[in-house]
Every structure is written in structure tokens, then in C-alpha cells.
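First, the structure itself, so that you have it in front of you.
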Amino acid sequence: MESIFGFISPKILSQILVGLSRTVILFIVSSGLSLILGVLRIPNVAHGSLYMIGAFMAYTVSHLFGGGNMGFWMALVLAPLGVAVVSFAAERSLFQFLYEREHLMLLLLTFAMSLVFGDLVKMIWGAEYRSVPVPSVFQGYINLFGGLPFPIYSFFLLVIGPVIAILLWLLTNKTKIGKISRAAAVDREMVGAVGINVSWVFATVFIIGCLLAGLGGVLVAPTVSVTLGMDHTLIMEAFLIVIMGGLGNVWGALLGSLIFGLTQSLGILVWPQFGIVFPYLAVVVVLLFRPTGLLRSTW
Amino acid sequence: MKNPLLRGKLPWVIAALIVLFLLPLFLDRFYVYLAAIILLTGLCATSLNFVLGYGGVFQFHHAVFYGIGAYGTALMIIKSGLSPWLGFVVGPVAAGIVGFVIGVICIRLSKLYFGMLQISLGSLVWAIVYRWYSFTGGDDGIHGVPLPDIISSPNGAYYFTLTVTALSMFVLYRMIRSPFGSALQGIRDNPVRSEMIGVNVKLQQLIALTIAGFFGGVAGSLFVVVDNTVFPDMMFWTLSLELIIMCLLGGWFSFLGPMVGAGIIVLLRTYVSGLTVYWAFILGIIMMLVIFFLPNGVLGYLDRFVKKKARGG
Amino acid sequence: MLEVTSLQKSFDGFKAVNNASLSVKEGEVVAVIGPNGAGKTTLFNLITGVLKPDGGKVFFKGEDITGLPSYKVCRRGMSRSFQVVNVFPRLTVFENVQVSVLAQQKKTWNLFAPSAKLAIGETERILENVGLVDIKDATSAALSHGERKVLEIAIALGGSPEFLILDEPTAGMSPEETTRCIDLIKQLKEKLGITILFCEHDMEIVFSISDRIMVMVRGSTVIEGTCEDVRCCQEVQDAYLGGSDACLM
């Protein structure tokens, strides 16, 4: 190990791992956003709210089950499902009437929804900070190469990320719904013309996208304090990632998340005070040279 | 011009100005403050609408210019030691310059991509302001900006805001009604055709973005006068979307629409948030209702109503 | 006046325009005909700078204008109307034409003079010429299809063009509107001395008003000549009679 990483200091290495575990969260949330953008063409600002709701639901579920390992695993399953139910209700009651509307209006409308969701969360869970304990199996640190501690939970995230990516790949490339939705992204009239109920395809894609937002919320919950407003920062980051990667391209979302997560964590090493600036700078640079994103957009 | 709502508008404008001028005589301090906030927010929304409603440019992050105007003014007053009045020039000019620079970078892109690149550049500005503790005060912002005596009293601040807002609105109105404005509206309606009649579309839009940035900055520097503070949330993206909502609510094809929208939102925020902590919930519901039922805004609705009456009678 | 030599343009490998050539002399009315999808509109887009050609040259009044942006092409005296109605929907008829006149007079940088007092006479004159003066205060979105097609031409005239390109000027018009539109085109040539290049599906119109005709098939120029030449040309007969969508006579 020493020989391979000899030229990289352990500190840089551990920052890279921190960046990668952040990438996992960003990827899970923004791939859902990208899916919805690509197939339904809705720039869904409320996506961040579903992420926040996922985190709050994780809090509730994990406390219902005593906060231990059991609580965490139940949260990991139940909270995204809860978010899926919320998104199903939202899709059938509102979104399904919006598919043909102008982008600016959709952006404003989903922003309005994010305000409503935000206050609903405030009504249900209150404005206090909540915390979800790290499950005991993932508690503690392991010592990295020069003895730098790295949280085990972050390693767990590093495993989850690729799993989700593979599942998404299987879903979009190997399943019928995935193929139909990719076709619908290109030409929805054609898909409707061959007798497929486009409305339900869209509903399914929307729910899967939102489920991912919820899952991101659950996974992030043990690492941050769960609080109101966590949706606002994240949704902006997710949007920038999706734009940077190419609208509607799930792999673009992965690439964008990598860039975003790594520039942030390494930026902190370069210039601690302005670490937060680097990802935004990266987005600007990417868009300057590739105005429609790094990978092929479905738009 | 052909707008029945605005026919014979001059007496109304004068009447409104007189009422606004007399406001401090019979209103409490708090309401005078509120009126000033409405005026400057309205100015900010109007400057946004200059490019959004009249120019058809997806200016998604206008609050950045509002913030830069405010920070530029406040920092100039605090750090330079020069005449404070200079701050009121520096703030808006800085906002105009940033508007130009962001415009140059974004203008190649169309519609949604333009808006998104603008949001990322705007977020970059926000992140810098948010983090640069030693210069901008970071997330605390700057409080108690010292002002020249004449505008430091509540009424002084109000009259200063009223004067500057009225002048700025007049200038913006003239610009919209000028050949520049005509060409801008042509671009909004049909950029390809505009190019084909000899309009340099990108350059025209770029100038418009600079002007919009400048007046957004004017609104920001007025905020320093009225509130004595600046803080990074002034340029957070949520405020930008709120500004767009103001334009939409009032009606973005009418000149005074954004001002009306700003008035409604500011008043609602003040009163509703006094009654409930769930102000955002109510704002969200209002926004949805407006988008579904009043796509042309309040003034757009009134305008059509008046036209219908005029035709019927 | 206009000299187009072996112009080329492809989209994703599809050669929309492939080796199209054309020349128009001052004062002429020249028609471009060809089956649907022959690349007529693409050719016009290439000439007017809406699209950049992959190869070939466009000379206008002796100067190379290949690949110039359309606003610059326009300022050299070339205007066009569009096949699909392409007006300013939120502006009134008067404002539609006025914007064009203002742009021609290079006044679009003027930030403070009121538009309402500028270019009135010029605009009124154009509206009178094309017969839209009665409805000048209507919003253009409220016009009939035929009226909007005429407005198309009026906007193009706002640029005081020496050279005018009309993309299917009578498409979708009623027979009466068509007759009026043809009269208008003849007037433009005779009274204002404008050189006109147009494309049209109706062969009767083509033969009645054009001095010369260029025939395009699959992106290439098949023949360019007088009406007689074209009428007798075997290849044209084949292209049309063998083709599916239009009939020559």
C-alpha cells in the first residue's frame, strides 16, 4: 500500500474517501432527480423536500424500533417506502396534470410545493434538530494507512453507492419499465401510440425517482443533524450535478456527483475557508466548456 | 399605450406619488418601514421583470444582484472611509458589472440552461460571501451600517427610498417604451425572427441583463438604508424564486405587475407570519393557485377584465 | 445580386442540402421549386445565416456573406419571410412592423426616446402597401392565418430590403387571399424594385410571377433556367411525376 500511495499523503486519501461517501448521497438523490427530468421533463424542486422527508421518517422509524441496529434497518426499508407513498399521492393529485406545462411554470410550481412540504415537515416533526444514531454495527472508526481514523459508516456508504448504481443500470437497461421509460423520454407520443399507458409509466418513474430521494435522506440521516432547510442546500447541489452531467442522464448524475463530492472534500484541503466554493466553481468551468453537460442529455 | 388600465395614467401616477409622499404623516413607524420595504422589493422585482417578462430571459438568480448592491453599498460605507453617498453608486454599479459578466458567460445558452448556469454562478457568489468572514462578515452579515444623517431616520430612509424607487421605475418604464425595449420584447416573442430583422439578439439581451443587474443593485442598496443590515440570505436562491413569483403574481406583462406582486407578498408575509409560523405553507398554496388560475397575474386579469368591459359597454 | 455556389449542409449525416447553386440578378423574381423535403427551406436558412453551411459560398452584391449571422445579413439589405408563421405574437400588428423598421434604422440601442413617436410614417406606409392598416392595433396572435402570412411579409419589408426571400408566401391561404398576395408580390417587384427569391408549391403561381426557376431535388440543383426550360426538362418531369406528393401541371 505504502508504495502505491506513496505519493499521496494519507490525509489526502482520507479526504478522497470522505468525498466519495458524500458522492454516494449526492448520486442517489440526483440520479432520482435526473430520472424525473429525463423522462417526465419536470425540474422538480420538491425533490429536495422528499429527501428531507426521508431523513425525518428515518428518525421516526428508527426511534419506533428502539434506535438500535433494528431501528436503522427498518428505517432503511420503511422510510423510502413512506416517501414513495407521499410521492405517489403528489403525482396523482398534482404532477400528472403538469407534464405539458412550460418549464418556468413547473419550476415555480414545484418550488411552491417544496415550501408546502417544508411546512408540513415543520408541523409533523417540529423545528428542532433531530439526530438518528449510527447503528452499532457501523459505529466506530477504522484506522487508515497512516493511522487516520475513518468512520465505518462511511465505508458502508461506499458499498451502497455502487450497489444502487448497478441496480439503476439493471432497472433502466434490463427491465421492461426501464426500456419503455427510455423510449418515452425520447418520444412520448410514439410510446402512447403503441398502446402503453404513458400516464402510469410516468407515475412509476416519478415514484422510483422520489424513492431514491428518500433513500438518500435515510442514508444521510446518521451523519448529519436532521433539520428543516436541509432540502434547500441539497436540491441546489443536485440540480447543478444533473446539469453538469447532462440533463436526464443517470450516469451523468454519477459523474457530476463525483466531481461535486471530490472538489468539495479536496477543496477544503486546498483552502479550508472556501472549500464550499470549489464545487460551484467546477460546475461553472464544466458548463463553460460543455454547455449541455458532460454526457449526452436526453433533452 | 393601448392599455385601457394605463389610459390617462399620468393623474393616477401623480395621485399615487402624493399618497406615498404623505404616508409617514399618518402612519406608524413600523408601517413606514413596511412601505419602504415594499417599494424596494417591488423595484427589485421590476428590474427582474425587465429581462424576464419583457426580455424573455430566464434570469433565475436575480437576488444575487440585489445582494451585491447591498453588500457593495455596506462595505463601501464601512471599509472605505470615503463619503457614504459613494456607496450608493458603488453598490449598483458593482451589481451591473456582475450582471454583465454573468451575462457574458451565460448568454450563449438558451432558456433552462441559461437559468441553470446563472444559478450556479449566483450560488458561487453566494458561497463566497457566505464564507468570507473577514470581509463580508460571513453568515452573520453586517449590522448597523452607519448612514448619512439625513437618511438615517425612519422617515428619511423612507423618503430616500421613495425618491430613488420612483426615479428608477421611471427610467425602467422609459426603457421599456424605447426602441431598445421594443426590440427586447421582439426578442422575447421570437428570437429567430428578431435576428432576421437585423437585431443583434445576444448583445441586446446582454445590455438588458446589465441594466437589470444595476437596478437590482439599486434595490439592494436601498435595503441597506431601510434596514441597516446585509446578510447572505439576501442572495440565496430561494429569494430569487420568490422574486419570480412576485412578477408572476402581479403579472409579468404589465409594468406595475411586479410592484403589485411584491406588495402582496410582503404584506402577506408580514401579517400571516404574525398569525402563524406556517407562512411558507400559505405562500406555497397561493403560488400554486396563481399558477393554475391566474397565469397572467393579478394585473393581467384586471386588464382583461377592463378590456372585456370596455368592449361590452 | 445573389450568387450561391455548391452549398452543402447535413444534419446527423443526412445531406439536407447537397451541391445547391443559384444566381439571382437584380430586379428578377426567381422561384425555387421541388418536392417536399428537397431542402428549399434549409437552402434559405443557409443563405440568410440562420444555419451555417458545411461547404459552398454565398455572395450577395459581390460580397462573401457565407456564414454571417443573420442580423448582419439583414443589415446588408436582405430580408425574408418564414414558411411557418413567425411573427411577434404579443405585439400588435403595428409594433410588429415598427420593431423591424427600428432595427433597420439602427435605433435599437436607443434607451430613452419613446418608441411610440418613432418610425411612424415608415411603418404606416408599409402597412398600407400590404393592406393591413385597418387592423394595425390588433394583437398579432389574434389574426387569421392569411393575415399573419401577410404580416410576415410586412415585417420583412420593415428592413427596407433590396432582396427579399419568401418561403411559401401563400401556403394555407384562401383563394382570394392568394390572389391578393400574388398582386402584392408583383407590386413589390414593379413599384419598389425589390429582387425576390421565393419557393412555392402552387405551380400556377410559380409560372405566373417568376422570371426564372431553380429546381431542387434531394438537396441538389437539378436545373436553373427560364419557365420554358423548366417546363420541358425531362428530369423535372421525373422528379415530380415520379415523386409522390406534387404534380407539376
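To keep things simple, chains are lettered A, B and C as they appear, and every chain counts its residues starting from 1.
The rule we apply is simple: a contact is a pair of C-beta atoms (placed from the backbone, for glycine too) under 8 Å apart; a residue touches a chain by one contact, two chains touch by 3 or more.
Because the structure is predicted, anything quoted here is derived from the model rather than measured.
**Q** Along the graph of touching chains, what's the shortest path length in steps from chain A to chain C?
**A** Shortest path length, in steps: 2.
**Q** What chain sits nearest the middle when you go by CA atom centres?
**A** B
**Q** Mind checking the centre-to-centre distance between chain A and chain C? Centres are C-alpha means, answer in whole Å.
**A** Those two chain centres are 51 Å apart.
**Q** Nearest whole angstrom, what separates the Cα centre of chain A from the Cα centre of chain B?
**A** So the centre of chain A lies 33 Å away from the centre of chain B.
**Q** Rounded to a whole Å, what is the gap between the Cα centroids of chain B and chain C?
**A** A distance of 41 Å separates the two centres.
**Q** Among the residues of chain B, which are close enough to touch at least two other chains?
**A** Within chain B, no residue contacts more than one other chain.
**Q** Applying the document's contact rule, which stretches of chain B touch chain A when the two form their complex?
**A** 58, 60, 105, 108-109, 111-113, 115-117, 119-121, 123-124, 127-128, 130-133, 236-238, 241, 244-245, 248, 277-281, 283-285, 287-288, 291, 295
**Q** Okay, in this complex, where on chain A does chain B touch?
**A** My answer: residues 43, 45, 103-105, 107-109, 111-116, 118-120, 122-123, 127, 232, 236, 239-240, 243, 273-274, 276-277, 280-281, 283-284, 287-288, 291-292.
**Q** Report the residues of chain C in contact with chain B in the complex, numbered from low to high.
**A** 48, 50, 69-71, 74-75, 79-80, 82, 86-92, 95, 98-100, 102-104, 107-116, 118, 137, 155-156, 158-159
**Q** Quick one: which bits of chain B touch chain C in the complex? Just the residue numbers, please.
**A** 1-2, 174-175, 177-183, 185-186, 188-190, 192-201, 204, 207, 253
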